[in-house]
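Chain lettering (A, B and C) follows the sequence in which the chains are written, and residue indices restart at 1 in each chain.
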Amino acid sequence: MDYRRDIPLAITFLVGVIAVMDYYTTLKSVTDTFTVIKNWGVVLYAFALGIGAVNLFRVHGRRISERRRADWPFSAWLLLMIVMFVVVGLGTGQFETSSQYEWIYNAIYLPIDSTMYASLCFYMSYGAYKILRARNFDAFLLFITAIFVILGNTPLFPATFPVFFHIREWIFGPIVGGAYRGIRIGIGIGAVVLGIRTLVGLETGYLGRR
Amino acid sequence: MSAWEKLTALPREVVLGLVLIAMIIPVIRPLGLPLMVGTMAKDWYDTVDALPEGSIVLFDIGFGAGGYPTLGPATIASFHQFFEKNLKIIIMATQVAGSMMYPLIMDAVNPETIYGAVYGEDYVFIGYIAGTQTAMAGVLGDLYAIVSVDYKGTPIAQIPLLKDVKGADDFTLVAYITTSGDIAEGWVYQAYSAYGKDLIGGMLSMMTTTMKPYYDTGQLLGLLDGVKGASDMEFLTGHPGDAIRSSDVLSFSQTLVLIFIVIGNISYFGARAARKEEF
Amino acid sequence: MSVFTEERLVPLVAFVLAWLATYLAIQLGKQGKIRIRRIPGLDAIEEAVGRAVEMGRPVFEIVGMGSFTDIYATQTVAGLSILSYVATLSARLGAKMYAPQADVGVMPVAIELVRTAYTTEGKIEELDIDEQLPYLSGEQFAWAGGIIAMAARMKPAANIMVGPFWAESMLFAESFDRAGAMQVGGTARMYQLPFFAAVCDYTLLGEEVFAAGAYVSGDPMQVGTIGAQDWYKIVGFILAIIGALLATAGVPVIGDLLSL
């Protein structure tokens, strides 16, 4: 018996069966057992949070001490920010209810996060220019659809020519809606079969290929 | 490299630089370009407008800092409508960062000053509740089992608005604005499928294609899609803000992207024709 | 009071039938009676790693931001199967693989997978966990920013992204394309599929992500279960056609039956 493989598989099977039974049955014993298992999961995850923080301090601490990489000052900045946010949040109140924490969050994190999200626009613009070329029939269909969707999405054009709005709505309705539903059905079935493979111990990729 | 080939492979810096300029111009000098209010936003507005005064709305702030520029204006406009209609709002957050967005939104709406609203009587924020669909099921199933204090730490039994609110039956409408597909679809499963509640949802434009089937089948009574939906709401509620200003930016930048796409295709076929001639 | 949860009778029956179908598929798979088409995206992974070895540039393998406790756990498991496969290939062929992590619960599993792969190939001394599987951040754009920066610095020759992705999918696809990487992208999060389909060289659409682990294993029994997936899809297809026709004729019997 390969205990490093068989024990995790047995645990996976047992917990999986309990989870499935909890969903499909109303047995109190099953619900209570699954609640305990879920609580264990929460505790395990809480410990795992510490791993992330320790890893960050270890990796970036090493970079600061070695000073081999040109970007080591950023590692120092990262650790400083982590410490500052934690100290301010814990020291002044319960994080989001602390006005000081709110201030540093709105001054530092909010603009950075918004900027990263906003940068998507530039990636999409260049991607659209590069990709939407009618090289063949399939690409031509994609090109035409994209043109009409962009025309329908741009506030200026539907306001001037309402027909663009209706074309966009039609594309979103039967065409995109139908395609998405088909893909979604496949995804649902695929997830179920993967779950079954995992429960019976066939899918062992997450344990390493033993 | 021929002129056609150069046009086919414009440097990234040129394309993005021009897009940036196209965005900056309407910000510096708003042009007031026309916009057409979409049916999805109109349906959101009409759904809320039809609610009797004093109805209780459960509102989920399901976005964080990244989504605030797009969805913040939609949320602010929605809250203006809620307070104008004298609706009671129970606000929650199913995203951790949502509780950081709450003060920003309330500073912009300013309900105490503008509408004479009173915290605890007209609106209350019960904070972030972990678990996404578990949180939704909990709030709709038995609020008191899942929440004991509000955002400020006040026991909810002492909050006038929450005294008699136990679960789904006490909410007239469930509304959410989110950047997360889990939250967007989660509310459909938990509020509409499980309890048959009236439901309206706001989200990023890229999520509209996936969520629109729910709107088409009537599971969502209204849908705000990204900046477009936000600008529609600002227009409908008569509270112009960042979204209407952004719609000019949207018009300019997307028109430019369209032009680049057309240039890319014309130059592609031009280059192809030129290569054929050489042979 | 019924033992079974209300309104979940049909899903339960469907689930039981799925088990039976999977069991049958495994038996047929053992006998070699189930063959599936090639999935170009998965076949291209070995090509991508080989390209990286030839060019002397690294391979990136990104499993996404999902965890084991959310609804994307199945995609995360699928992504980890591919991580194990890519780690094995990289160790065997001599490519340097990087797999930055975003979830603290998934990270220990990923580290163990990669360590096992390198140990099996006898290359454990070439693995530096801290450098090759760094924890970047649990925050979406902090993690994305870190990976984009790594891509810009290291200019990988191959980027394999299989798992749950959010808005960062477009950032990754474009950034790695700019770095000159051959890309295989796969996710079952439909919001992000268009970005992968548009930019990546090969894309795994939806259910192909779930079939990935079975496909790359080459195990006949696992391949057989992919057949079960397809049988179910055929049943769904038939029900959809019949249901749509009947509903159009004013007889919504299929919809009512499935709502039991």
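Here is the rule we use: contacts are C-beta pairs under 8 Å (C-beta built on N, C-alpha and C of every residue); 3 or more make two chains touch, one makes a residue touch a chain.
Since we're looking at a predicted model, the values are computed, not measured.
Chemist: Please give the intersection of the contact partners of chain A with those of chain C.
Modeler: Touches both chain A and chain C: B.
Chemist: With centres defined from CA atoms, tell me which chain sits nearest the overall protein centre.
Modeler: A
Chemist: Return the chain pair with more inter-chain C-beta contacts, choosing between B-C and A-B.
Modeler: Of the two interfaces, B-C and A-B, more C-beta pairs touch across A-B.
Chemist: If I average the CA coordinates per chain, which chain comes out farthest from chain C?
Modeler: Greatest centre separation from chain C goes to chain B.
Chemist: Would you kindly tell me how far, in whole Å, the mean C-alpha position of chain C lies from that of chain A?
Modeler: Taking the mean C-alpha position of each chain, the two centres sit 14 Å apart.
Chemist: Chain B to chain C: how many Å between their CA centres?
Modeler: 30
Chemist: Need the CA-centroid distance for the pair chain A / chain B, whole Å please.
Modeler: From the centre of chain A to the centre of chain B is 19 Å.
Chemist: Where in chain C do residues touch two or more of the other chains?
Modeler: As it turns out, chain C has residues touching two or more other chains at 141, 167, 190.
Chemist: What positions in chain A touch 2 or more of the other chains?
Modeler: Within chain A, residues 112-113, 116-117, 126, 180 contact more than one other chain.
Chemist: Two or more other chains in contact with one residue: find those residues in chain B.
Modeler: Within chain B, the residues that touch at least two other chains are 12, 66, 210.
Chemist: Which residues of chain B touch chain A once you look at their complex with the stated criterion?
Modeler: Within the complex, chain B contacts chain A at residues 10, 12, 15-16, 19-20, 33-36, 38-39, 64-70, 99-100, 103-104, 128, 151-153, 205, 208-210, 212-213, 216, 228, 231, 247, 250-251, 253-258, 260-261, 263-265, 268-269.
Chemist: Touching residues of chain A toward chain C in the complex: what are they?
Modeler: Interface residues on chain A, with respect to chain C: 20, 23-27, 41, 44-45, 48-49, 51-52, 55-56, 58-59, 62, 112-113, 116-117, 119-120, 123-124, 126-127, 131, 180, 183-187, 189-198, 200, 202-203, 205-210.
Chemist: Which of the residues in chain B end up touching chain C in this complex?
Modeler: Chain B residues touching chain C: 12, 66, 132-133, 179, 181-182, 206-207, 210.
Chemist: Once bound in the complex, which stretches of chain C touch chain A?
Modeler: Chain C reaches chain A through residues 1-5, 8, 11-12, 15, 18-19, 22, 26, 67, 69, 74-75, 77-78, 80-85, 88, 104-105, 107-109, 112-113, 116-117, 120, 130, 134-135, 138-139, 141, 144-145, 167, 170-171, 173-175, 188, 190, 193, 195, 198-199, 205-211, 213-214, 217, 219, 221-222, 225-226, 228-229, 232-233, 236.
Chemist: Tell me, which parts of chain C touch chain B in their complex?
Modeler: Touching chain B from chain C are residues 70-71, 140-141, 167, 178, 189-191.
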